[in-house]
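Take a look at this one; I'll ask things after.
Note that the chains are named A, B, C and D in the order they appear, and that numbering of residues resets to 1 at the start of each chain.
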Amino acid sequence: MINYLKNIIKGFSTILVGMKVTFINLFRPNVTVQYPNVHPLVRAGSDKMPDNARNKLNVIIPKCTGCKSCEKACPVNCITIETTKVASIDTEKPLMEDGKKRVFWLSQFDIDFAKCCFCGLCTIACPTSAIVHSTDFEYSCYDRNELLVHFSPFNKEQVAEKKRILAEEVKQKAEKALADKQAAEKAAQEQNITDSKIKSSDDQTSANQNIQNNSN
Amino acid sequence: MENHQFLFNFISEYTGDILAGVLIAIIPLALLLVYALVAIYGELKIASFIQLKLGPMRTGKWGLLQPVAEVFKLLQKEDITPDGADKPLFNLAPFIIFLGCYAALSVLPLSSHFAPSGLNIGLFFIIAISSLAVLGIVMGGWASNNKYSLIGAMRSVSQIISYEIPAAMCILGVASMAHSLDMNVISAQQQGGFWNWYVLGGPAGISKIWLIPFTVVMFIVYFVTSLAETNRTPFDVPEGESELVAGYHTEYSGMKFAFFYLAEYGNMFVVSAIMTVIFFGGWSSPFGDFLNSPIWQIFWFIAKSMFFVGLQIWLRWTLPRTRVDQLMYLCWKILLPLSMVCFLAMALGGMLY
Amino acid sequence: MENNLENTTNNNKINIEYSQFDSERMRLNAGPQHPSTHGVLRLEVELDGEIVTDIIPHLGYLHRCFEKHCENSNYNQIVPFVDRLDYVSAINNEFPYVMAVEKLAGIEVSEKVQILRAMCAEINRIANHLLAISAFGLDSGAFTPLLFLFREREFALGILEKLSGARLLYNYFCPGGVRYEIYSDFKKDVKVFIDSVRLAMKEMEDLLIFNDIFIKRTEKIGLLPKEVAINFACSGPVARGSGINFDIRKSAPYSSYDKFDFDIPVVEPGKEVVGVSGDCWSRNWVRVKEIEESCKILEQGITLLPDEGSVTDGIPKKLKVPAGEVYCKAENTKGELGFYLVSNGSDKPERVRARATSFVNLAILPSISKGYMFADLIMILGSIDIVLGEVDR
Amino acid sequence: MTIQEIYDLLKIHFNDDIKEITDISNGDSFITVNPANIFDILQFCRDYETLDFDYLTLISGMDSGENLGVVYHLYSMKFKHSIVIKAFVPKESPNIQSVVYLWRAADWHEREAFDLIGVVFDGHPNLIRILCPYDWEGHPLRKDYVTPQEYHGMKVPY
């Protein structure tokens, strides 16, 4: 019987103690932040976003060498890089931010933020700190495709143009190489022409035979 | 106390009986709706302040229009009836629950000159009509064709029916002291200061002092049972969201859900109002004749009731939920014996004074 | 053989008797979408009225092929995946993995890094336990404790954010050190954090832990006897709540835990505060006491952590892991978390096997919750403190 | 006890079934045993007085090329020593005895090894998939596993 009453009183008193706690908290200042009205950088426990905060990635294109280290370091494959070599005949001869000559155009530098896991491995891997975390975290959107951000400074036509220039250069080089080769061959032929004069008649007969065989 | 028909007579003098009846019926409805808006806002804000946040802040100044916005949101939501549901019962259930709560309002004496219906067996009527809510809950829970709803409804039925008994004991105790079941009469008896309230032994001079512990315990018993009858924490097992998702109203949406919501808050007010009437002097001012005019009486009545609504809200954001068997244990093994002992004492008091 | 199996399952004493009337059973699907299954766990429950007679857990709704992913990633790339196992205590997950790689690659780590790692792990442990306790309160229907303790958890996350740059999934540890240098106010922040946590826990004891309704809901519920707990290989607060004095920080001190002076809270039979050893309340109580112990470790860490020296110097430029295999374990917030790492000498591991704590601990649920009520099942599940990310991997 | 002592002890009792110790300088050495007798060996490990491995830390399956390996990590609460035991089963008949009756902890570990690697544990009371869907085909952690293109009409590689 005493136990019974004790239990009742204990239960009642613990409830009152709990109510006291909530009553005290009723008059405490709130700890939440009215998010869009008050910027969330003002947060309980930290007055500003830390320097190494890992939010949306940003690529500083003038710093990027196109080494693809970040692409390899990414654990979720959200970075896609495609580079085009800078053609020597290209009139546009840009320098990197540190004054070095640019070797690659970044014809494609896409980051899919729908896949990005904000691990920061790409920023560590980058040798020139071209890919960094910004403090921007408010980039939600209605379409998933908008999360695929293109960092490349070129649009499609420009990329095509750069590719064309490179192809031209390659072609020119190839032509030049061919011309050089032909010239060398010619020179060699001219040198050898006296040596091979005797043999040439035999060669011609065998060539004729070949043609006949083919036509048969 | 023949004055409670005053308003009816006053209006019917100019309009006619039927129109007066309609007008008189609308007043509690308006009161209920306005009260529900206030209570919902109050619940949101009290909960938020306890939890160190701000609560609704977007809709209007300090989020004052939040309950209105919620009503509009619920109004335009799709009204879904599940495929396997028993459609007539499913659709009827929320209205039956609401009916129980609304009908109970009809006998509450808001002031000495105004009770929508001056029933001389008001307390009895309220006990009877508040049992109607169980019917609605079990109908809704069963018709939903959802196992969570069914469990919730079954829990609710066992809970409410059990808790009616200690609740009735409390009301009987006061009735035996007041020698009346008329709520207006009980309120009038407690006029003349808070020491005349039945929670402090009733209007019987200094010799009633031995009664005070019993009446206070009786009040606590009634408060606990009222929590259980309105399915509020810590007795919200029928809708305990951590176990039964939302209990008996899991499948409801839109306006029908709003009715459940409204009925829950309405029931909170009804039990608070009964508590006010039988223990805290009803409409009578706590300071004797000071501010005891009929208009002020309305204020006192609503203020007292809202205090208990606030208390219920405060408790809700403090306590964890009990388990079903513990709830039954509390009812049958603690509250019922306590209320019986107190009832004996109060009945003795009723005989003596 | 079969008797043996039956014996181990029926060891637990059921304190609520089965209904005498064999009524019709109801099969209830609790989950995958249910407010209290702590994620996407599906429990197929057989109910006799309110009493649970059978329970079948269905896992895998959050299976993200962790082990398969690891086979296709190099050692550094796995760390972000490891974070995502038990996402509320990510630093503690990185700990054993990084230690395993260091052991395989033979990397020595400086003392400053070791102490910093232990401190981070303890901050993270407090953050996890705050969530576990408050979510346990939420399971019992009390909503306010959740938000009270989230305030303190916010402090913890703030400190870890300043250290690592991320709030939840840190990717902070790496073989050889940690990713970023310590910021200047770290020690001051930790001090403030400890004081605030202690105050909050005092308040929480009043509000929830010693509340009579809460005690009635949790004491003598979900009894897990010591032998059964060992047989099921339970660890962490679940095991310590059953009276097993097993904590890897003490039994096999790793990192710098041998430098700290702290106790292991164990609820041994006969020494209970409330309830009996092995019930839900005891498991929760172990967590409450562990927060205090973690505060102690942090206090010592503040004095032990040297000011000079770098924490990022030890990171090798190129991580070379020779062939070999190792099982490295650490005391995660939920128990023993181990990584069984098999390397074949290339830059990618041959096999990474995680001994997921929640996975092992969850296995006891079917055998300790039979015979209790459905509401108790929720409490038992809450007291085991699982994270579905770790269960399903 | 060191692994060599445990090996010697096991060798006395099970001579031919215990194959060899593989020493790993930078990790945990392990003992390879004959899979046919695994239950008895592990039961001995659990029940023998000076071994007392009452705590089954982990069972992991692994694909080692031509064979499937089952790795048992055991720990003793009393003596605080641990041991790694490996058994290799051929891929064509990957059957090994279940140890659920020794440690209940083995239950879900074995189901997982069955699910992901495809080791069949004879005598397991409920050997069904645990992480993959129940009707999933193949064992994803095998080295020769090819990811299916479709599952119930859904594209698998996203």
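Just so we're on the same page, a residue touches a chain if its C-beta (ideal position, glycine included) is under 8 Å from a C-beta of that chain, and two chains touch if they have at least 3 such contacts.
This one's a predicted model, so the numbers in the text were calculated from it and none came from an experiment.
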Message = Keeping to the contact definition above, tell me which chains border both chain A and chain D.
response = C
Key: chain A and chain C, separation of their C-alpha mean positions in angstrom   = 37
Ask   = If you average the CA atoms of chain C and of chain D, how many Å lie between those two points?
value = 24
Inquiry  = Using mean CA coordinates as chain centres, what's the gap between chain A and chain B in Å?
reply    = 64
Task = Any chance you could list the residues of chain A touching two or more other chains?
result = 15, 18, 21-22, 25, 31
Request  = Among the residues of chain C, pick out those that touch two or more other chains and give their numbers.
outcome  = 144, 148, 151, 207-208, 211, 213, 216
Key: For chain D, residues that touch 2 or more chains besides their own   = none
Remark   = So the complete set of touching chain pairs is A-B, A-C, B-C, C-D
Ask   = Taking the complex as given, what residues does chain B use to touch chain A?
value = 46, 48-54, 57, 220, 314-315, 317-319, 334
Inquiry  = So in the complex, the part of chain C that touches chain A is made up of which residues?
reply    = 73, 76-81, 83-84, 144, 148, 151, 154-155, 157-159, 161-162, 164-166, 169, 171, 179-180, 183, 189, 193, 203, 206-208, 210-213, 216
Ask   = Can you name the residues of chain C that touch chain D in the complex?
value = 1-2, 4-5, 8-9, 59-60, 63, 65, 67-68, 71, 103-106, 228, 230-233, 244, 246, 251-252, 322, 324-327, 329, 336, 338, 340-342, 350-351, 353, 355, 359-360, 363, 367, 392-393
Message = Per the contact definition, I'd like the list of chain C residues that touch chain B in the complex.
response = 26, 28, 34-36, 47, 50, 137-144, 147-148, 151, 207-208, 211, 213-214, 216-217, 373-376, 378
Request  = Over in the complex, which chain A residues touch chain C? Could you list them?
outcome  = 10-11, 14-15, 17-18, 20-22, 25, 31, 43-46, 50, 52-54, 73-75, 117-121, 124, 133
